[in-house]
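I'd like to ask you about the structure that follows.
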Amino acid sequence: MNEIQKLKFYQKGTLTVGNRLVDEAQRNVQASLSRSNSLTCGHRACQGCGEALGARYAIDAAMRASGNNLIAVNATGCLEVFTTPYPETSWQMPWMHSLFGNAAAVATGVAAAMRVTNRAGTRVVAQGGDGGTTDIGFGCLSGMFERNDDVLYICYDNEGYMNTGVQRSSATPPAARTATTPVLGDEPGNVFGTGKFVPKIAVAHDIPYVATASVADLHDLEMKVTKAMGFRGARYIQINVPCPLGWGAASHDTIRLARLAIETGLFPIFEAENGRFTHVRKIRQRKSVAEYLKLQRRFAHLFKGGKEDPRVARIQAIADRHIADFGLLETPAGAA
Amino acid sequence: MFQVRIHGRGGQGVVTAAEMLSVAAFIEGRHAQAFPSFGSERMGAPVVAFCRISDREIRLREPIQTPDALIVQDVTLFRAMDVLEGLSPSGYLLVNTGKGFADIHQEAAAARLPPGHAQTIGATELALAHVGRPAPNTSLLGAFTALSGLVSLESVLEAIRRTFPGKVGEANVIAARAAHDLVAARMAPDMQTRKDAAHA
Amino acid sequence: MKHPYAIALDVGTSRRNLTGSWRTLRPEYVDRLPPCNNACPAGEDIQGWLFHAESGDYEAAWRALTLNNPLPAIMGRVCYHPCENACNRASIDVAVGINSVERFLGDLAIEKGWAFAPPPSESGKKVLVVGAGPAGLSAAYHLRRLGHQVTLREAGPLAGGMMRFGIPKYRLPRQIIDAEVKRITAMGVELVLDSKVDDIEQAMKDGGFDAAFLAVGAHIAKRAYVPAAGAAKVLDAVQFLRSMEGEAPPLLGRKVVVYGGGNTAIDVARTARRLGAEEAIIVYRRTREKMPAHDFEVEEALEEGVSMKWLSTIKTVDGGTLQIEKMALDDKGFPQPTGEFETLEADSLVLALGQDVDLSLLDNAPGIVIQDGVVKVGPDMMTGRAGVFAGGDMAPSERTVTVAVGHGKKAARYIDGYLRGEPYAAAPKHGLASADRLNSWYYEDAPATVRPMLNAARRINSFEEVQGGLDETNALYEARRCLSCGNCFECDNCYGVCPDNAVIKLGAGNRFRIDYDYCKGCGLCAAECPCGAIDMVPETI
Amino acid sequence: MLEQLEGSKAMAKVIGLCRPQVVCAYPITPQTHIVEGLGELVRTGDVQNCEFINVESEFAALSVAIGASAAGARAYTATASQGLLFMAEAVYNAAGLGLPIVMTLGNRAIGAPINIWNDHSDAMALREAGWFQLFAENNQEAADLHIIAFRLAEELSVPTMVCVDGFILTHAMERIDIPEQAQVDTYLPPYEPVQVLDPEDPISIGAMVGPDAFTEVRYLQFYKQQTAFRLIEKLAHDFKKQFGRAAGGLLRTYSMDEAETVVVAMGSVNGTIKDVIDEMRADGILIGLVCLITFRPFPTRALQEALSHAKDVIVIDKALDAGMGGPLASNIAIALRNLAQTPNMHSVVAGLGGRPVTKAALHRVFRQAVIQPWDGPHFLDLNERVIAREIHRKGKARRSGPSAENVLKLLERERAEKIAAAEGTGR
């Protein structure tokens, strides 16, 4: 019987959203007819919006993990604007928006209210884009972390201020064209050597759980949200969510781009608990950064006239460094 | 209304002195208002605190400009500022020093007050002896009760106990009482002689 | 006003906002023809039956399989599986071992005694099927399922035709043939053995048949003129393989030469090895690339120690010595004699140069046209004589069991249409589910630890029967490797990846529906559909 | 119970009696002692069922309170000066969302130049944020106003700021009657939010509102403030009934019999003004006082009634709108503009950055207003000599450094001269 179990691979479906071959209970939330659709139809996100997708993935998973006993706090940004233009809201769960930079703090307040009003079973997530998280909301985020407040903060990282018309954030990658890093001058696009990777900063707070995830790997994403919900205290998940508009990509390439971001090593997928890195998601089919960059008009200047700009190699070097630092490649069997 | 101004430096318990004085008056059923001259909380900086005592509600919020009594916790302040500014001609002056007014070049100021209204007391030494810390405020308050009779020694001692519960409070009570006794002794029947001495 | 005006909103109210109006492209679910199905001469819905096998419902899988082919245990052994050659999975790793799974299902059915259901109703029509080979058996089965009364006349003493007399036992154990034939006769097909039909017109008239399907096998060996002298032992392949069915195996000696380049030549050579020949040499006038035999058969023969002599013709046989002339390919790829000769020692020579069909039963049938030794049939498998259909080796096509089974099915459908007076029209074929339509990311590789075992399991179908087939675990594994090219397998990807929740899941078995009220036409569902079952088509505005 | 307490400690005690459920603390002088006191009460268990949260900024302090309030908890925080400005957008946000947060503002000047002492610049800077703003005259009222503030805020879903003069009140020790818990409980029922984040009954709070509805949202805010007057008066009335002393209300008048000159002021300066008025009345001058307690909503009608018979109205502002003058004076001018007989308006800017407002100066300016009125704001106790020199210097050379520094230098020189003179007399 054990032997049979060992052989039950689900090659067709292992990586898909659903899989009719596994028990209903073990299937992804997103495959379920009874998923909460916390973020429902009629929202005004652009076609192929990665953030809309990531938010439904994450919040639905958190809803399941909490037994639908969840409150979400939202920073200002695309997600807030496209889901709640008066008089319509796309949320189907208790949700609140206060300001751009204070989602983490508002969530702290909600969590405190839950404890003090004997509703500690109600869980709290805060969510925002990279601008609201890594820039303007960073102070509140760090404060929430260091106090170890009982909040899961989810950052939908689309690498820029997309709501305001695609400006640079501290999560914008080098060379990327944005409205504030135009393709002009000696160093066109965003400047190399700038920016920050907040998940690592989160880890430095020694909080119970930090993870990165991607809309390209739903299994991993749902597992991480579910795992995060199993902890009490401050938790942080940064989800890579491609933005067709801001990245200058086809709307149908959103998931493909997210996949390439992982498979190039540009967006490392890892977990850390209590300040220690515990797990990395290995690259499955390694890709070159050029394959990733070429799909995005924000990097079009790197391939102008059919020639590859030397800065592509610099971006490749960043990916290679991630691969080395995080150990993103499978170690061959038998290797130490 | 009786107005007391206390001068000292940060760390000497100037504000606490004003507050304890107000508590002593409160214990006696009177209205009292204590407040600091507001500034950053830094050691060594000149600090002024005020205390008003009245039998009616105190509404006035201005800093005390014409004090009925001055308590100077640090003689070095005479050189840094006009400590005596506005002191009522019928007021009281209590200075923390083991020396006489002449030794600190303030005999003229003392002389302007009614006889017996100016006293010096080595409050820091008393504090060191009884409390083990150079905090002259409680000793000065003890001495002040003897000097002015504004509030009773017992009320001040109770205020000290409320402010510093336990051993520290009791040590301060001993220091305050000692200071009171020293000044009271000076103010005794042969007071006139001592007044003359003070004028000398 | 329940909540503060404009500050607090009731949940889910955005559903009033029909974002479908943004769309310029619309996703549409499609079904495409999987390359395996497309390649299957028997017209099997391979993907369809693998679907059931994937979930472990083998009986359902077998029943789905036998809707098209009643002989899975046989086919699982002898089919040259063009399906696997076409399989899109080959572009990812290795083709799905369809044939092995088919055999597993066929064997399991025999073991479990699964039977075919009798037809729900009788048509009252009588059909004569001539020849109980794969084509005849297939036709009889399908006709019976359609409610017709079928008489299957076989000239030989046993059913199976060329499967029994042309395929070595090591490839096809006879009890397998017996079991699968029995299951067909159990449906009510009348099998008459040792009953050669000499005159089809007469036979139909005598039996009162409304139609006939002719499926006589190619039992007659083609002879090439090879001058022989002395005590040379020369025999033909048909004769040789047929003699394998007797009690005493033929004596070939130590060194056997087989002349020919088809699968039969390979069968003979490999059989010779099994009979104890130390050397089995295939002599063929062209190159390996030009050999009609399936490459994997050649490969396996080589592995079994069969040797090959390319670009060679046998000029004469003299006792134990063959004179060989070397050939060279001309510009057009035809072999031309070079005038160079050599000799080859042999205890016996087996000629495997092709077979012919005995068409004498048609002599009195009007309108039947014979061309190149086979009967001319229309696209409906009907001969020039109305109501008489032909297939298998008799009709022009590749002569394999699988093709024959396909002919049987196809003919049965047209016969049925003919009998009902409603000519059968095959459903139009879907466009091909080509590999470029797949999103192969979603198909996981097998873990390295089980790969060798599976590779072995996939290969044994053409090996010694004693090694057996797939067991349940690896059959399941193999089935699950199917990509379901071009047809939704309910992986929920579209349902999951839609940023607008505009895909409605209809529940198990019912697939999905696009909610065009909200679909913005981003195309993510189509891009992320693993099997290419969604097309994006321009919206008509 | 009567106690001799520092104002901050008294407020902490009373706020504790209001059973706050979430208290957010971030230090800024001069409000620090309040949250320190509350923190202590939570640690000792005197205040139960309360989350005391040390946050990383004022912005976070109010944001945490926003979250807590939206989730159904009674939330409190305190700040001052720069802190209020640092949380400014959250201040507006709390009001926009209608969250009944109570916040103590230890009134303090706003830099630059940096200044930790009292004035009303901070409260004035955010007077348009949509909060109720109540000003305390003394520490008893400072404490009592918090009880009223929670009830007011929660009844109308409007956040409420209790403005308490920094140092002058926060650091002053006075006799204060601390009420009993039962009394407070009777007056202040538990918080029942009108909108709450609840998985049982989910809603979305904080939608983006466009031109189609924004005006209406704002109007409703305005309407709510306008309808608050009656409630504020009722709450003051109820308070007196419950606690036996006056606190709150829209405004309080003093010595108004036949008053020809009426002073209007907010906060602790009213105490000093009362003493001055008593003295002036003793001199036969018909002067009275309107002590404005509720600044937002601005009680236009109540002020009209109080001031309609005055000949001269003197408004004391502890803040300066540098491009306009005293903000309170501007507000009062607007309130009185349509009276049949508009009084003469006199604006006094006093007590900026902790400058003592003395009886002497008030005597002077109250008399001057009637006999020698001025245009624009009068800056009480302005050092005219320094100003004259600086203006002269500026006129001569442009761009010669910030005025603040130069003024400080001049003042330093003056002080040194004064001490030298004093020491001379001392000898």
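Should a chain be cited, it is by its letter among A, B, C and D, assigned in written order, with residues numbered from 1 in that chain.
As a working rule, a residue touches a chain if its C-beta (ideal position, glycine included) is under 8 Å from a C-beta of that chain, and two chains touch if they have at least 3 such contacts.
Since the model is a prediction, treat every value here as computed from it, not as a measurement.
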Query - Centre-most chain [mean C-alpha coordinates] - result: A
Report task. Report back the single chain whose CA centre is most distant from the CA centre of chain A. Result -> B
Query - Centre distance in Å when chain A and chain C are each reduced to the mean of their C-alpha atoms - result: 49
Query raised in the report: Counting in whole Å, what is the centre-to-centre distance of chain A and chain D, each centre being its mean C-alpha position?
Result: 45
Report summary line: Per the C-alpha means, the centres of chain B and chain D lie apart by a whole-Å value of 34
Requested in this report: Give, as an integer number of Å, the spacing between the C-alpha centres of chain C and chain B.
Outcome: 114
**Report entry** Shared interface positions of chain D, touching two or more other chains
**Finding:** 97, 202-207, 209, 213
Report task. For chain A, jot down the residues that touch at least 2 other chains. Result -> 83-84, 86-87, 89, 91-93
Report task. Name the residues of chain B that each touch 2 or more other chains. Result -> none
Query raised in the report: Which chains touch, pair by pair?
Result: A-C, A-D, B-D, C-D
**Report entry** Contact footprint of chain A on chain D as seen in their complex
**Finding:** 21-22, 24, 49-51, 53-57, 59-60, 63-73, 75, 89-90, 93, 97, 197-199, 202-210, 212-213
Query raised in the report: Which part of chain C faces chain D closely enough to touch in the complex?
Result: 3-11
Query - Of chain D, residues touching chain B in the complex - result: 2, 4, 6, 29-30, 116-118, 138, 165-168, 171-175, 268-272, 274-275, 354, 356-359, 418-419, 422-423, 425-427
Query raised in the report: Where on chain C is chain A touching in the complex?
Result: 6, 9-19, 22, 54-55, 441-448, 450, 472-474, 476-477, 480-484, 489-493, 495-502, 505, 507-508, 515, 517-518, 520-524, 526-528, 530, 536
**Report entry** Partner chain C, residues of chain D touching it in the complex
**Finding:** 96-98, 157, 194-195, 202-207, 209, 213-214, 216-217, 220
